[in-house]
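So, here's a batch of structures to check.
Two complexes follow with chain A in common, the first pairing it with chain B and the second with chain C.
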Partner chain A sequence: MSDQRTQVGVPVLRRDLYAKVTGAATYTVDVSPPGTLHAKVVRSSHAHARITRIERDAALATPGVVGIVVAEDLKDLFPRFGHIVPDHCILAIGKVRYYGEPVALVVAESLFAAEDAAAAVEVHYEELDAVMTAGDALADGAPLVHEEFYRAATDESFAAMAAAPTEDGDGGARDNVAHTVELEWGDVDAAFADAHLVVENERVHYPMLYAYAMEPYNAVADFRDGRLHVTSTAQHPFMVRTDLARIFDLPLSRVRVEVPYLGGGYGSKSYTKVEPLAAIGSWATGRPVKLVLDVEESIYTTRADSADVTVRSAFDAEGRIIAREFDVVLDSGAYADNSPLVLAKTVNRCFGPYRVPNLRARGRSVYTNTSPASSYRGFGAPQGSLPGELNIEKAAAELGLDSFEIRRRNLVRPGEEILRGKRGIDADLLGDLEMLANSLQSHAREDSAIGIGFTASDAGAFPVSTAQIRLQVDGSVLVLSGSTEMGQGSESALAQIAAEELGVPLDAVSVAQSDTGTGPYERTTGASRTTTLAGLALQRACTEAKQKVVAMAAEVFGLPEADIASVPGGVQVADRPRVPFGEVISRWFGAAAGEVTGVGLVRREGVTQKMPPFWEVGVVGVDVEVDPDTGAVKVRQLATVADVGFAINPRAVEGQDLGAATQGLGGALFEELIYDGPQLVNPNMVEYRVPRMQDLAERIDTMIAERGDGVGPYGAKGAGEGTLNPMAAAVAGAVAKAIGRWPTRVPLTPERVWRLMNDLPEEDGE
Partner chain B sequence: MADGGELGRTVRANVNGTEVSRYVANRSTLAQFLRDDLGLTGTKVSCELQVCGVCSVLVDGSPVSACTYLAVDIDGRKVETVEGLADGDTLHPLQQAFVEEFALQCGFCTPGFLMMSVALLRRNPDPSEEDVKEYLDGNICRCTGYRPIVEAVQLAATRMREDGHV
Partner chain C sequence: MLGTFTVSRPTELGQALDLIGEESLAYWGGTELFLAMKMQLLMPGNLVDLKGIPQLREIRMSGDELVIGAGTTHDEIATDPGVRGAAGLLSSVTSRVGNSRVRAQGTIGGNLCFAEPRSDLATVLLALDAMVQLQSSSGERRLSITEFLLGPYWTAREPEELLVAVCVPIPAATGVYLKFQFTERPSVAVTAVVSDGGQPCRLAIGAVADVPALHTAESWDEFDAASIAAGIEPVPDLTGSVTYKRHLTEVLVKKAIAAVRAGERDG
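Then we have the complex of A and B:
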């Protein structure tokens, strides 16, 4: 069969795009049930302060206001959320921990009324000393962001991925360290003592970033008759359901979380955001409540962890790595959210896809009085690879090797372990390197400054996926999946897999996604897992459905099952013409009615036993030109290699890769959230500058390497994050070559590059 | 949108070829009017500062940011939104080209890109790559990396010139 694939590996047009170009596609922000009230959040005006009093009478008197909820109204609920550490207050309890934290929720008949009333809620504060940087937070005697110590969620799948939190014993927190992770093997000290060359990069800084999914966080909640129905912009509806069920002490079966099309996700819509706020609004008023954040509120809701990393590597005389040592500090903001996992991934991903015989990597995730950090595309890999790869470039320069040669000498070979005891690398990085080198070097000019970056991410997240397939009597097919369509094209890719497995036309397949009330469980839509894990579950569902049809056909035709062959689109009975699925179903039920459901399950067993389920590699290179007068960086060439095993839809893979690479260029050249005092100076899209059309590289080459080496359908692996991950490192390496100085932070704004060129500090006041 | 106590006035406008008349609050934006009063939810809102281009619609043929354009100001004017582009089941050449070139992923920015592209092609039926980039530089897309959008606009322009599309 493998050489006769017709529905996968071909660039089919994505079905969701038709509804999206006409304006007919429904996003959460378009959902408004009859009788919906509108909510507005009253937010903290301090970074760290005790709440002494909240006056809501004047606000309640505003025409159209239905209710105002504050933390003390939630005493009968579990008033916090958090999938690893349930430390995140729905509404600030007792004190606020960052500027912009929700303090009260106003619910009114119209958005205007809610906005007017929100401005009339008076919150009185007693200001507390704040810790605005990780350095401040780690200082002796620093004020505590959290006085309480929160036990981590007991879910073993998170325990398997994240480090255990600092155990305390007496229930109180001792410092602002939220989590620590340590990874060590070999004899690092001995290796450094024996080294031919030791190369160090001190305190390389990766900035706080905002993913800017263009649809801001929003949700509609309807709590009635002991049931909660939420429609939201959640990538992981099943994880949100768990948080909501705990808040209201409801069975999972009475919490329904539905997710229509997402206006961008990129990891930033992972886990719970505004759903608890909308839900308490509905719980308090008994009516559906809609809450739509604006972009400034969204920026204060979730950002990426910033990182300060110090790295030291030891090399032998041939340029081979003999040891690496990393110290990672993440500024994780006021609440843990996914930062424990971001930290674990930063530690796992910082040292790169290299043979590292001796390793010591230590990481700390630190609470500060800044906005909470959580997931953003590739998390951990961008933060870790900037210092890690810059350090490799610096070593190459000192060893007299070029960027490609030092990696040829150190990249892991197919099957070799990167993390001890984990799945060996399921990619051919040397093959990818040669593709990258050919592309960039064949278009290089005399003054080219080429920088490259390599990453490997232990991707795929924890393998818990389920899928259902429902064969209909008319020959059409319904695929049910809990994976969210957030723009990545899963709706189309899942349809292709089902069509291929069943041997039916693509048009016969419909896909329904992400509804915890009616669809099957999917743990997350993140870590590039859908094609691999949801795809595997779907393949298994198809297999089960086909087996059921064979059994039914045996009964219908009065033959042993062995005489019935499963063929594309139906069954073959002896030498009769093919009997389509629908006809078998119809004859078995004895009516033009009924259906057959196939279920597919994926867990940690068989091909997905070993973690990670697959490695997502990042292989990128850029060729840059620096304006000597202004420091502006222009990208002449952008080259990427997607090592995806098998591309279900090659055009979609290329689109994901260029998109991820472009976001990576944003972090490398433009994007950075900047705190000055208690609040951000640039929480808006005027001052937070993202890549625009005129920033497009002059030459773009998005290559796909297909070697069938993944565990997913047809040898596929996940895609979509890889090309973001090493982009900052590649750009910083290229700029270093262009100007002869080593950057210590991104984004490489014109001012920063100009300062470097003129031997000035990269920041004012340093 | 208008509630008790809201100051407002009645506006009459032509929206996608249909004459409409509604009482709107003075502080209603055109985006709120289109989405909440007329149910034309194809127009999206993002930055609310006129820099992302998501909410772009055409008023009397010129692109405006519906997030900050007041609804009362459309009185007597002609408004075009993404819902008015297709001719029945036949997509506008720009819509067709966006699908074929994978010029969108999440699709949230797409209505704005389409309306800006309509305005561009009316002014310049044969834009160079640089023309497209310059005209659409005020529209942000976070998914595609832009290149497919440039290709889609040029493909549509070619087809429209060949077909004499206006």
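Then we have the complex of A and C:
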């Protein structure tokens, strides 16, 4: 079988390459229906304050202003959103919970008019005590971010994605704990009592991050005749549709969410963001409304949860883990967004792909008066693996084992469970480890400081996916998918799968994605699921289409179906020449007209019954040097292993892995959103430092391990997040070896490393 | 977003000088100006676009001076054979300013007038003993870099004055320019130069305090890196605390002096 494959497993150029490089590609910002009005958001200037009065008369008198919407105008709507906890006010109701929170929406004929008027909206506040850190929020008597209780959405899929039951906190009713998760098995206390060695890393901090998609959050909404049409920068248009339908009490069929090319997402465009704002603007004015955020506004819209994690692990004399214990606290900001799931995933992923006979992991997601946190590429794995893997490195040092050997003794073997009762791991981590070791060690120098990291993420999210394939009378093929092309290359991968399944040239296949009004349902574009789940749905759609063509051919030729063979590109009867799909369709309809649609469905059944649908492995290693004078860290080598089962487009897999590793390097060495008082001090691209070309390793080795062990097409599994996840841990471990000190936080900026190596306090004590 | 403003495009220096004032700002590449306008730190009613005045874009030798028109871009200075021959260090530093877009757009005059405390040019020009030439409709004057730079984003230029040229004595001193740069702008920059004429050794330290500082001595032996570092007042920011920046200063001073003594020359 496999040697007959011609369209998959070969590197192809991205389909959007030329359009994007030449600027011809269409993004949400390019969409302007006739008569479009422009919106500007009036934002909170306090971290926590009661809104006492909003004066909009002066602003309404500004030339060109069409309307100004505030929370009290939304009384007849459901004024909140949130797919897990609907706590998120479209416009602040009664009080603001973070600096930058939307308070009013100005809609005008031009963006200039909207901006001028926004500056003229006077919001009066009565300031409240704010909680700016998770520590502040958890303190006795801390001011409450939320006084109300919000009932969580009762969708069992979210429970299925968390290994342990997650519980709503009091929703803020008594404290600031938004969610808690507890995962436990075995007898942890007994194991610690019997341990040969106990290793602890206390309060390891992972920073707040901005995903830095080059495209900020944008949306265009057109509400008319009881229908809402939104074009936006959303990864999950079907999820956004659900939130919008609830706000306006519309049937799902009357809400259309369309997503053109997405200028990067990295998880930060998961779920609803600015769509409700544009939608209420259009609802209030009866005209299309466009909302375009700048970078600073985008940073205040969503960030990654920061984490403080304490980990203790117990080992026997042979260096085998006998127990691990984690305490995780996430600073989730002012609203829950996807943080309950990020929390559940942090807990699922923090202890790593190891045999852990006794485990206790406790997590709390905490509301603070900071910008709301949500999904970010890796989804809890980076936050959890930094302490988890650093702890393994520390144990190796204390046990006298090298980084590779301690993992050889502890990594799960293929098929073994990581999470009790869940799918066993569909990867060969020991095989990956040897690839990594060979690569790094064969290029090591005498003074090399090598750090490695392993993660396994319960990936794929919840397996609900549908796809359609439409065979055209001229032999061309249209693939319809609800999965968003967000730069990851799904347009190319889906085309390759369809071409392979149907036996048609790649050029014959067109792909249309992410339009809830015309395309098929896809639950999400996240958790690295598209190749595996959308790919499976597409394979099934192709199978159905081919079966239909066989049935049609049988009718056309007056033969039993059993006499018709489905062959690449068409059907064949005995030893007669192949009849292409188009000809069968044309003869069946009796005209050069008509088409055949195949539908493919994926749910929790068969190969995708067991959760998670697949494991996404992260296997990375770095070799660093530290400048003794400045503390600056230079990465000499980066090695990654993509354990993807089968690489549909190897070029894309390598690109995704290098991209993810580089993004991980950002959190490891450079990136951090910093609050000073109510505001961020670096909400811009000059002071929020991301990796640059010169920061890349001198030697880069992106390896692909293909063992056909995934449930997706041709044995494929997802990729794209894996190599980000253990990067901070690998870099921190390498730096620890270089300087002989254990970092307790990232990013490891030059000053931090210099202070660490000189045993200086973290900050000047002035 | 930018506010509303008009743009004048004079073609002669005299016209430009008549236009420039408190509400009517000189505009070259806009790399700093537009940022300040977008942040609404500056809200001029008019911009005087000086790119159409050829004499402001000239680089020429005049006696014992290299005269660089204020409207010359970093790239133009970096690639000018005359500058390379007469002031190799300046050529080298301009090739390392900011990023390629800034070097293509930004000008020497704009850079100095904006007085960004982390400017590379101010530091190297201070070491090279350069003068700036200011002109207004009522006259002209020459100031040293020290006289010109009064503080962060603050110069001795009067609103109606235009910086028309930067004059570097030639043959220019030679030496090295070292900086520690982790983010968009340097945390500390140190340049150490000597001239053939046996002038004193000159050490300029920039980017770290409000304005660049100059130290001179007859011999490199007279410089003590630790006490020089202790004497500066670093501005703490996201690229470093006071303690760290003092430390970096000491490190770079030592390295720069060692490099110059070993005969290294940039450019």
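Convention: the second predicted complex is superposed on the first by the 751 of 766 C-alpha atoms of A that agree within 3 Å, B and C clash if a C-alpha of one lies under 4 Å from a C-alpha of the other, contacts with A are read in each partner's own complex, and residues count from 1 in each chain.
Convention: a residue touches a chain if its C-beta (ideal position, glycine included) is under 8 Å from a C-beta of that chain, and two chains touch if they have at least 3 such contacts.
Treat the numbers as computed from the prediction; the structure is a model and nothing was measured.
Once chain A of one complex is fitted onto chain A of the other, the partner contacts of A:T749 are limited to chain C, with no touch recorded for chain B.
Taking chain B and chain C in turn and counting the residues of chain A each one touches, the greater count comes from B.
Shared-chain residue A:F112: touches chain B and chain C both. By the touch criterion defined above, A:V686 lies against chain B and chain C together after alignment on the C-alpha atoms of chain A. Once chain A of one complex is fitted onto chain A of the other, the partner contacts of A:A593 are absent, as it touches neither chain B nor chain C. Look at A:A565: by the touch rule set out above, it reaches neither chain B nor chain C. Using the contact criterion defined above for the overlaid structures, shared-chain residue A:P216 touches chain B, although it does not reach chain C. In the superposed model, A:A58 lies in contact with neither chain B nor chain C. In the superposition on chain A, A:A632 contacts chain C only, with no contact to chain B.
Touching of chain A by both chain B and chain C, each in its own complex, is seen for residues 111-112, 686. If you check the complex, the residues on chain B that touch chain A are 1, 3-6, 25, 27, 35, 40-49, 51-52, 54, 81-83, 85-86, 91, 95, 98-100, 102, 104-111, 114, 132-134, 136-140, 142-150. Partner chain B is touched in their complex by these residues of chain A: 13-14, 16-18, 20-27, 29-30, 63-64, 109-113, 211-216, 261-266, 294-295, 486-489, 651-652, 654-656, 658-659, 661-663, 684-686, 690-694, 696, 700. Of all residues in chain C, only 1, 4, 180, 182-184, 236, 238, 240-244, 247-248, 251 touch chain A in the complex they form. By the touch criterion given at the top, residues 111-112, 115, 629-630, 632, 674, 681-682, 686-687, 689, 749-751, 754-755, 760, 763-764, 766 of chain A touch chain C in their complex.
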